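Shared between the two complexes below is subunit A, which has subunit B as its partner in the first and subunit C in the second.
And now, the complex of A and B:
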């Protein structure tokens, strides 16, 4: 897995976002489009794609896309 | 480990009733247009049925039972047991099942009691009534299940109100020594009891003036301690990890897989969550029916309501092998594998 691919998958799930909106340092929970339902979507995506289960607690402790990628990468290994 | 088999009982019929009034999430004012689209995409819920004030779960179960008994041609004095499984009883006490015995005109020799479960109700309730029929030698029983959730979710709480719908259902179960056995696996995790909870009104937190005070939790979420609180993320996590894990163990134990079942019907909790479970168990889309789009999450009524609204013709005309799984509030979850043989299934009632 690499971060570009990860961002691509993430963006595909947020279909209200303009492509290119998400960057490594994007604080995704601060996006205008962010909603609590995106948390479910992200958890489901990461579970399906990477077989890693994130909790609400995990999501509350991170803010950027890179940090999200970091957790997934560590748990995956 | 609660994995067991029950013998000599069969489902004779299933019926369901819902309120006439329908609400649409597209008209729900607390959500922006983008949020509405996201809600429908994620949860799958577009419309819900909402009971009128004063209509109780038992009213829907009663209507469904009257209709089902008539179509089954069962005599009322043949009913030995009534189980009412719900989290929205008529009164704090007495048990609603007892009131239903009288309202249905069943004999005083009928045993009647309530079971206080929600989303996991179908496998739990069926295991209770099956055990009574097969071990106590009773002949016929009614399992009534459902909830009026619109009464306990705050309309000003976007994290609960748009998800739940009201419904009442009934399953007629009969002793039959030629019936195929049913396999059950039932589980509990009380450590998660706060994930879905109504905090006040029980003995732990007696109703007080504070119970009624509406508290603004965040934008779009205002509720009192008498309203349902749902920790969506915790429930989501539980449902995509623990539930498929238990289901996989069940399939292993029964030496079955998706090809052995005609349908896999899940509690209608959330489309994204249910689809995740479906994929993990490798069931094809066509074997997994949904009623969540039209009716929302109807608690313990969701499996029978899905059977009646999505599979009525097949249930009436064919023999089906079914895998039925309920999961949620408690936390509590379970699964049953059973066989139906051309059962009686009246059309959905609207009252």
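And now, the complex of A and C:
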């Protein structure tokens, strides 16, 4: 797994976003389109693709895409 | 629908003995927020999907003055057939007192089942094999859900629905013409949503069944497993494409549709899909709050409830889309006349 691929997967689920919107340092919760459903999408995607179960609390403690990737990477290992 | 309605509070109470100490307590509000369901229905232990379907059919005959002796074909759609043989629809012919000259088949399908039923019967009528048919869609998911699986209990509900399709229009009331169809299938999702130990593959054995002896239904019909995250993503990915495909096939735009009647899987999710597709809120039917996800019966129940509110007028168009176990998806349109 690498962060480029991770971002690509996230963007593919976020229909609302123009490709290229998400960057490593993007604070995803500050995106105009952000809603609680997007939190569920992130949790579902990471569970399905990486077999890592994140909680709402995990998400509340991070803000950028890179931090999200970091949690997944650590839990995967 | 069965008369037993279960509240979120009741589900939580029945879940408590299975709650592991490290888990935090679940509240009724949290359950509601996940799927927008407050009550769901549970069939009596002695009843099957066929029994719910029979009751729905009897109601249909009575409410619409349909003479049962005129029915030429019966399609029973369910994921909970009475037997591996005989065909449940054959047994229903006798239960309902239908003519012995009818054709009767079962279709083993869940959330896409209503769309499949409409498609098969439309084809039979258009190819002039028959003039009319009764479509019964009924499911009893509560009988294969373990009380420890509170998320599944919160979503799924038991119900039956009966629909009459005919070449001839009824004189008083509203008719609807069935449009074209699109389908989709992805069997790689076999293990994402499945009733384990319910058929010929790995049938239930004594050791397996012993685990569930405390459960009222004993999981004797199998145990429903759902990988919620995978199914959630599947729905979010599939429904918008399915809608576009059927609109394209019909040569319609999103604005041409007056009502979007999706399989009532999860209220919050349907609302989000509607918003994502920029569909006006009043066009996306969500009737799940006091009904739950009734699998193959959810689309006709939603249609009937909207009909009772006098929502449908001649020239209105509804788009129907089913999606779920299989994995499977399908859509069609109804044009009211």
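Definition applied: the second predicted complex is superposed on the first by the 77 of 77 C-alpha atoms of A that agree within 3 Å, B and C clash if a C-alpha of one lies under 4 Å from a C-alpha of the other, contacts with A are read in each partner's own complex, and residues count from 1 in each chain.
Basically, contacts are C-beta pairs under 8 Å (C-beta built on N, C-alpha and C of every residue); 3 or more make two chains touch, one makes a residue touch a chain.
Because the structure is a prediction, the values reported are computed rather than measured.
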Chain touching more of subunit A, residue-wise (subunit B, subunit C): B
Which superposed partner A:77 touches (first subunit B, second subunit C, both, neither): neither
A:59 touches, of subunit B and subunit C: first, second, both or neither? first
Subunit B versus subunit C as contact partner of A:13, first or second or both or neither: second
Subunit B versus subunit C as contact partner of A:44, first or second or both or neither: both
Common interface residues of subunit A - those touching subunit B in one complex and subunit C in the other: 16, 35, 37, 40-41, 43-44, 47-48
Interfacial residue positions of subunit A with respect to subunit B in the complex: 16, 33, 35-41, 43-44, 47-48, 53-56, 59
Sites on subunit A touched by subunit C in the complex: 13, 15-16, 35, 37, 40-41, 43-45, 47-48
Complex contact set, residues of subunit C against subunit A: 227-230, 232-233, 236-237, 240, 268-269, 272, 276
Subunit B - residues contacting subunit A, complex: 34-35, 37-39, 42-43, 159, 231-234, 236-237, 240-241, 270, 272-273, 276, 279
